[in-house]
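Okay, so chain A shows up in both of these, paired with chain B first and chain C after.
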Partner chain A sequence: MALLEDRVNSVPAPRELTTKPRRSDQIFRFVVTLGGMSSLVILGLIALFLSIKGIHILNEKGFSFITESRWEVVTDENQEVIQSTFGIGAMLVGTMLTAVIALFVGVPISILGALYLSFYASGRVKTFLVSLIDLMAAFPSLLFGFWGFFVFMDSAEYWAKLINKYLGFIPIFQVPTPIFERSPFIAGLVLAIMIIPIVTSISREIFAQTPLDRIQAAFALGATRLTMIRAVVIPYGRGGIVGGAMLGLGRAMGETVAVYTVLNVVYAVNWQMLFGAGGNIASLILLKFGEAGAYEVDALMAAGLILFLLTLVVNFAADFLVNRFGKRGR
Partner chain B sequence: MSTTDIKIPAPGKPWQASRSDKLKSFLTVISAGIFTFILVNVTPLKGKLAYFILFFISVIVFEYIRQRITRDSQAAKDSVLSTLSILGIVLTLIPIFSIVLTVFVKGYKGLHWQILNKDMALASVNDPIEAGGLLHAVLGTFLLVFVALLISFPVGLLTGIYLTEIRGTLSRPIRFLVQAMSGVPSIVAGLFILSAVIYPITNSLSGLMGSLALTILMIPTIARTAEEVLKLIPDDLREAGVALGATQWRTVAMVVVPAAKSGLLTAVILGIARIIGETAPILLVTGGADKTNLNPFEGSMGSLPFYIWKAFLTGGTEQSIARGWAGMLILLIFIFILFGSARYISGRRS
Partner chain C sequence: MSEENQNQKAMPASLASVAAKHAQKQPGTNPLGTGLEARGVHAWFGTKHVLSDVTLDFAAGTVTALIGPSGCGKSTFIRTLNRMHEFIPTAALAGEVRLDGKDIYAPGTDVTKIRLKIGMVFQKPNPFPSMTIGENVLSGLKLAELKRSNTDDLLESCLVRAGLWNEVKDRLKEQGGSLSGGQQQRLCIARSLAVEPQVLLMDEPCSALDPGSTFRIEETIAELSQTMTIIIVTHNMQQAARVSDYTAFFLSNDGPGLMVETGPTSQIFSAPRDKRTEDYVTGRFG
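Now for the complex of A and B:
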């Protein structure tokens, strides 16, 4: 009997039922959440530290930091700053100009290419082309920059001359002096080549989400591919494509090395895109950083902050559009 | 009558282009080419550009006319879009081929047998090519990437796990922020490290600083790929783990992550491919050395992008240009290897 009683006593008490995670899970969840927050923390820290360094410049210069188009600093023999004028107006114009050219050229090519990949190519050709374009998206900007400078420049300069000759009556195609090398036009084309793989793959993803039943319904009603694309694919993917184009815009605005190598960075507002002078904020930072004193570095930090906020806004908008319109059919 | 006499129709594919269709479209393209050739030689238009534009215009016109005659106006309009979409893909491919061809043709001149054996400590960029090599650059790039990977892989993986396993209320905003982070301009990453670490704390440029800057660019790529990969792991596995009495931590660590191993390797490879050629932050924070430096914590460090940059911008002679392209060739080969292995791994999985 004693043995049996022992047995009965040794049966463990029923476990308490609870939905509370165990200690190990609590730690796990805490660590993972901490890791998950890293993107928020890093983005916050970038904004914070660039502000700490740059905010006094923004306070001193006020709104003229954005509108002013001069970047001058005068120092005495002890490297004390006597007088300074910092304004990124010209570079802001240059950033916009090159990025808009890139979009203007790159986006139609990307959309047409994505249409080809989604609705015309098939089998091995498609797989090959898709991986080739993905590969191109992984090319470093350095490569695009020096290829643009050594190889692409000659052709692009020739095209610029042609445009100037035949369309020169339009103000933006005029040039003050016939210097066509290293112009915003050429930089914009190089940026276009850089964003094509990105915009193509996003457009392809958007097109792939078009509901198959609607595509087949259109074909069943006797649509050709053109009418099917116009009636189903484009209305469906419009927002997503705009989002993809904006992601390309974000990349084009923040590009440093390719613009620095291809473009003749000159600190002046230049709207005439065929003329060989211009720049963007990122290339300004790279150009001025080498010889900048402490005070000027702070100004460059402020410029970096503006660039950061600008690309952040563009990326947020792009992401919003891609997600809002891209997932509708799933 | 036996069953063998019944004629079984051969399976056909009526929607595919028949041989005569292919021949006809081929002839259209050829005739458009001939027409272009005549036009270029007769009119004052000339050059590659004229050939290209005229050829495409005449293909569009010829194809339009052919479809208009043989079919109807709808088919003719349709043919315009298909020709234009081919134009789009051709315009995308030309730069790719041009870039790869340029790098190989110009790069191999700068190669020599000792290139991975020597550094540039005793040679300037304008010296004869045999005088120096890019040992320091390759080692520096490896170290930069390795240290960056040590930091960004755990963070990226944790972000991926948060998005797929915890699925908390913050999932949407975090996905949003990861996407936004992937758009941070590389130069801003460099400025951030300067303002947050170098000026207030270390006051010296080193390889570690470069790795920190690269980490910022690498995390979003790894996080997004890791999320995609973990999403592919079927929920059955997670439920099986939990049903067997495992805690979530054990399920994730011993079931989900091991199951996604090859996919996570792809994430790492894509992350490396993203940063291996990144130049702007490297120029700002690593200092850039010509001597082999294996200590990422101290002293300036060379890297492939810096090597290429220096060769092109400070040289100007034939030797320095050849050096730059050779560096580019090595960098491109690394990217090819990384990309090829990523495709191989993900291809094997599916």
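Now for the complex of A and C:
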């Protein structure tokens, strides 16, 4: 009797569920873990390197390193540093300004392009354009820079003057003196062209995954392609578009050579995007690295560290946005 | 007489009696236009001929069931009726489909207007997950760019006709995906009603649903057939017998699918003229 009661009254604790994987599976698990962790390790090592090299500069200069806008080193005849001022404020602003212009121009073009490729382009045109865009993604950025400098600059300057003439009452379109060459506007446009391939191909892949049954449901309700895209494809792809745009933003913020070619490096914070003055962190590093002494190199590493952190923050913010707003259409 | 009796005995009593219970509507008893006519419809996917020479009338205000084994072309056929067939890139078609006497494939036809008049419900419930229940029902207005003044009334009447109003009237603001499978399918029916189609095509609407939900949808079909023409593809012969006035039997013998026989449902299930139909409805194959 007691036994029966025990069985009725006692609820067992959940058992631990275990399995012993086969040897081959264990080895494979080790190999893929290695692969998975390697990117984390490499990223960590780079961050560590930048920190070790740059942290003493940040300690010395403090907050002024990101607020100040001067970059001066005075050395004596023995190459000993007598006096130095390092501040990347202008470069930080330039980095963000050019990247935002790039997104503003590049992302809409990319989305339209991706929609065309996914829902309008037919057979051969589509295959051709897709491989062209992939080619464009692999194009060296130096060539974009050259093209921007020798070919694109003239027309962009003309547009800049037009914008200044008709929209000049808006503060960001004002210029203190009429210098329209090598401005953040032009650098931003070159960057926009550079991010179009990546944003387009990511958006296209997301659009291609739109569930067919939803597309069919929309068409069966008398939808046109435009209304179908608005009701089905865009809500589904929203998260992916944000993700692609953030990859583009990352590329735009880190771009070195192209920006160096088409943007004047000037050590003054400049929000007036049509005015030929600016620079971004990466192009500053390129500009100074060749002739920098050991101490200045450390300062450049500190600038690199700031860029690294900025990229990290932007990516986390993008992840947050995708998780927050991207899921609803799925 | 005696031969027909014998024939009836050979049938499983259930299907024939189920079909007999369903009061068959006569064509033309409803003032809903002349209905839908398929004339010599052929269909291809690439070079594969999948449907051959189907001529079939769907009288206005009747329910027609399309039955047949898998791969016989009945789903392809139903998709030619509202031009969803051409949605597949390599699809081709010959013949005519006429709505109120006008060929829906005529050059210069706006295909979106055809699909407004001939709605469709799919096998798998597919509400739009980014929209609420209410938005889902009215989505057709937005998609087809139609203007309606009193959308609240339309919303309610569509949900009532789809037999879903009582279950969702207090949760119209919730996402469509929060409903059960059967409810989602009725939501999809409500959604296609909102654009007021003349004809409703249903491609195995119950094959992903449990018996209870299936029963509710069959009730809805009976209700809807008062005001529109319904064509339903089904694998379930019981269902065909329960809901339809007419039945068409499709079959493919390694070649393109053919329509073997059509007639009043009670006749198809009790006294089919073709041996192949008899074999199929008595469960000898398929």
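Operating definition for what follows: the second predicted complex is superposed on the first by the 275 of 330 C-alpha atoms of A that agree within 3 Å, B and C clash if a C-alpha of one lies under 4 Å from a C-alpha of the other, contacts with A are read in each partner's own complex, and residues count from 1 in each chain.
Simple rule for what comes next: a contact is a pair of C-beta atoms (placed from the backbone, for glycine too) under 8 Å apart; a residue touches a chain by one contact, two chains touch by 3 or more.
All values derive from a computational prediction rather than experimental measurement.
**Student:** State whether A:A218 touches chain B only (first), chain C only (second), both chains, or neither.
**Tutor:** In the superposed model, A:A218 contacts chain C only, not chain B.
**Student:** State whether A:K161 touches chain B only (first), chain C only (second), both chains, or neither.
**Tutor:** Neither: A:K161 stays clear of chain B and chain C.
**Student:** Looking at chain A, does chain C or chain B touch more of its residues?
**Tutor:** B
**Student:** Which holds for A:A231: it touches chain B only (first), chain C only (second), both, or neither?
**Tutor:** second
**Student:** Regarding the shared-chain residue A:G254, is it in contact with chain B (first), chain C (second), both, or neither?
**Tutor:** A:G254 contacts chain B only, not chain C.
**Student:** Applying the touch criterion given at the start, work out whether A:M301 contacts chain B, chain C, both or neither, answering first, second, both or neither.
**Tutor:** Touch status of A:M301: first partner only.
**Student:** Looking at the overlay, does A:I111 come into contact with chain B only (first), chain C only (second), both, or neither?
**Tutor:** After superposition on chain A, A:I111 lies in contact with chain B alone.
**Student:** Given the touch rule stated above, what does A:K126 touch, chain B (first), chain C (second), both, or neither?
**Tutor:** Touch status of A:K126: no partner.
**Student:** Where on chain A do the contacts with chain B and the contacts with chain C coincide?
**Tutor:** 224, 227
**Student:** Of all residues in chain A, which touch chain B in the complex?
**Tutor:** So the residues of chain A in touch with chain B come to 21-22, 24-25, 27-29, 31-40, 42-43, 45-46, 49-50, 52-53, 108-117, 119-121, 129, 131-136, 138-144, 146-147, 150-152, 155, 158-159, 162, 193, 196-197, 200, 224-227, 229, 247, 250-251, 253-257, 261, 282, 285-286, 289, 297, 300-301, 304, 307-308, 311-312, 314-316, 318-319.
**Student:** Under the definition above, what is the set of chain A residues touching chain C in their complex?
**Tutor:** 211, 213-214, 216-224, 227-228, 231-232, 235-236, 328-330
**Student:** Which bits of chain C are touching chain A when the two form their complex?
**Tutor:** Residue list for chain C touching chain A: 82, 84, 87, 112-113, 115-116, 119-120, 122, 124, 126, 128-131, 139-140, 142-145, 188, 191-192, 195.
**Student:** Okay, in this complex, where on chain B does chain A touch?
**Tutor:** Within the complex, chain B touches chain A at residues 47-49, 74-75, 77-78, 80-82, 84-89, 91-93, 95-96, 98-99, 102-103, 106, 154-155, 157-159, 161-163, 165-166, 168, 170, 173-174, 176-189, 191-192, 194-196, 199, 216, 219-220, 223, 247-250, 252, 270, 273-274, 276-280, 283-284, 305, 308-309, 312, 321, 324, 328, 331-332, 335-336, 338-339, 343.
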